[in-house]
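Got a structure here, written out as structure tokens. Questions coming.
As written, the chains take the letters A, B, C and D, and residue 1 is the first residue of each chain.
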């Protein structure tokens, strides 16, 4: 059991009917994706052909900001707002899809390949959580 | 002319057809709203009846995170992605509406009244920018 | 009176003896610097010679993250911790000095010139607030 | 091997002599601590005696912001700045110590106990990394 699970496990109130496992997965993927995208943006900055990677860097930075905001929001349960959760998950899913697609075009660079895979995992975790919201 | 305008004015490339004035307004309101919501959450923590304000505090924290992520994204123009911009603006508009409504219920507290007004300004700036995206 | 001042003015408890005006100035400069550095990093990405600006971009991104964290922390007063405030202000001052120096080397680019000036203002506001902490 | 390690492993340039394993540990703990503190702040908001936990909540929020900024900064290596890294690690170490101490006072609440342990791990990872900087 990871720390994210433990923090959910020890929450002193009801989680509002949300699927605990899908929530924990999504929180984990959001923080992991924020880190991977931040690292990938910087790795792109260290490539010789950085001039051809500027769109990828911007996409990484957007995705990192949105994933972090989503992870933060999903870590809070007091006064849970299903509508806001859903729209934020949709924004996050779209940011991850967009960044994952761009990184996948550069999969000859190992950092973009790893980052693309993380974006896919986060996108899927967001979708699984949205679907479970009913 | 504010610094946000100057940073847009000195941008070395095209802004992608976005309305520069509405963009600048929205960026400014996003950062101002992140600050106001962070301050309002803490002011609520200092109120005697904090127990009745927990939903407001959570809403403030969500709104701060989302407004900051939106302000960051809007401050970047390289590889501009209209679809992602739109969905993030919608998330931000919804977070501001929700937080503004909750704070407005506590308008006898001056910090919630000020914060509610800032949330309205940010909500409107997001809507004006979305409408201008066509 | 700006919104930052109003949020301080309406705070329901004591601010712990901190100089209200220097605090408000520093909060404002931190958020303004987070925005300017984020915008400058992206403007650098749009320059033809982006390959020569990678250190500047990284410095902008670090400074944006640290200024935002500092602005957030300074916006909270409940359970004020003078030691932590001081060390965070020192980190922020150093990030601003470093980023301001690097941007000043590129002052032929208007975005770096504007950003360097904002970094100076934020650095000075942090120093003035530290000095007032006694 | 975790994703943080993989992103470091695939970095296309030199890491500037920093200890890769200590760096990876510290990055991981910073993001984990940002999440745990955000979750703990919200769990405190759901406790019946929230009024006695306001200092803990503020400390959690400060620690989350500082840990995230530190994790972001440590995830970037282009234009590495040893002095800034050191002062930011010191700020993070202090935030984690302070938050860990406050949470440890409430260790009868499982979320504060878990969060205190995470703050200790992050504090130690920051210290180990600082020591390795020489």
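What we mean here is this: a contact is a pair of C-beta atoms (placed from the backbone, for glycine too) under 8 Å apart; a residue touches a chain by one contact, two chains touch by 3 or more.
Every value quoted in this text rests on a predicted model; they were computed, and no experiment measured them.
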Copies chain C and chain B - interface residue numbers shared by over half, same or different: same
Comparison of B-D and A-B by number of C-beta pairs in contact, larger one: A-B
Centroid spacing, where centroids are CA-atom means, of chain A and chain B in whole angstrom: 21
Where chain B and chain D are represented by their mean Cα positions, the distance between them in whole Å: 27
Per-residue multi-chain contacts in chain D, two or more chains: 41-42, 45-46, 54, 57-58, 61, 68, 72, 76, 78
Pairwise touch network: line, ring, star, complete, or other: complete
Footprint of chain D on chain B - complex, ascending: 41-42, 45-46, 48, 50-51, 54, 57-58, 61
Residues of chain A that touch chain B when the two form their complex: 54-59, 61-62, 65-66, 68-69, 72-73, 76, 78-79, 81, 83-84, 87-88, 90-91, 94-95, 98
Complex contact set, residues of chain B against chain C: 3-4, 6-13, 27, 31-32, 34-36, 38-43, 45-47, 64, 68, 71-72, 75-78, 109-111, 113-115, 118
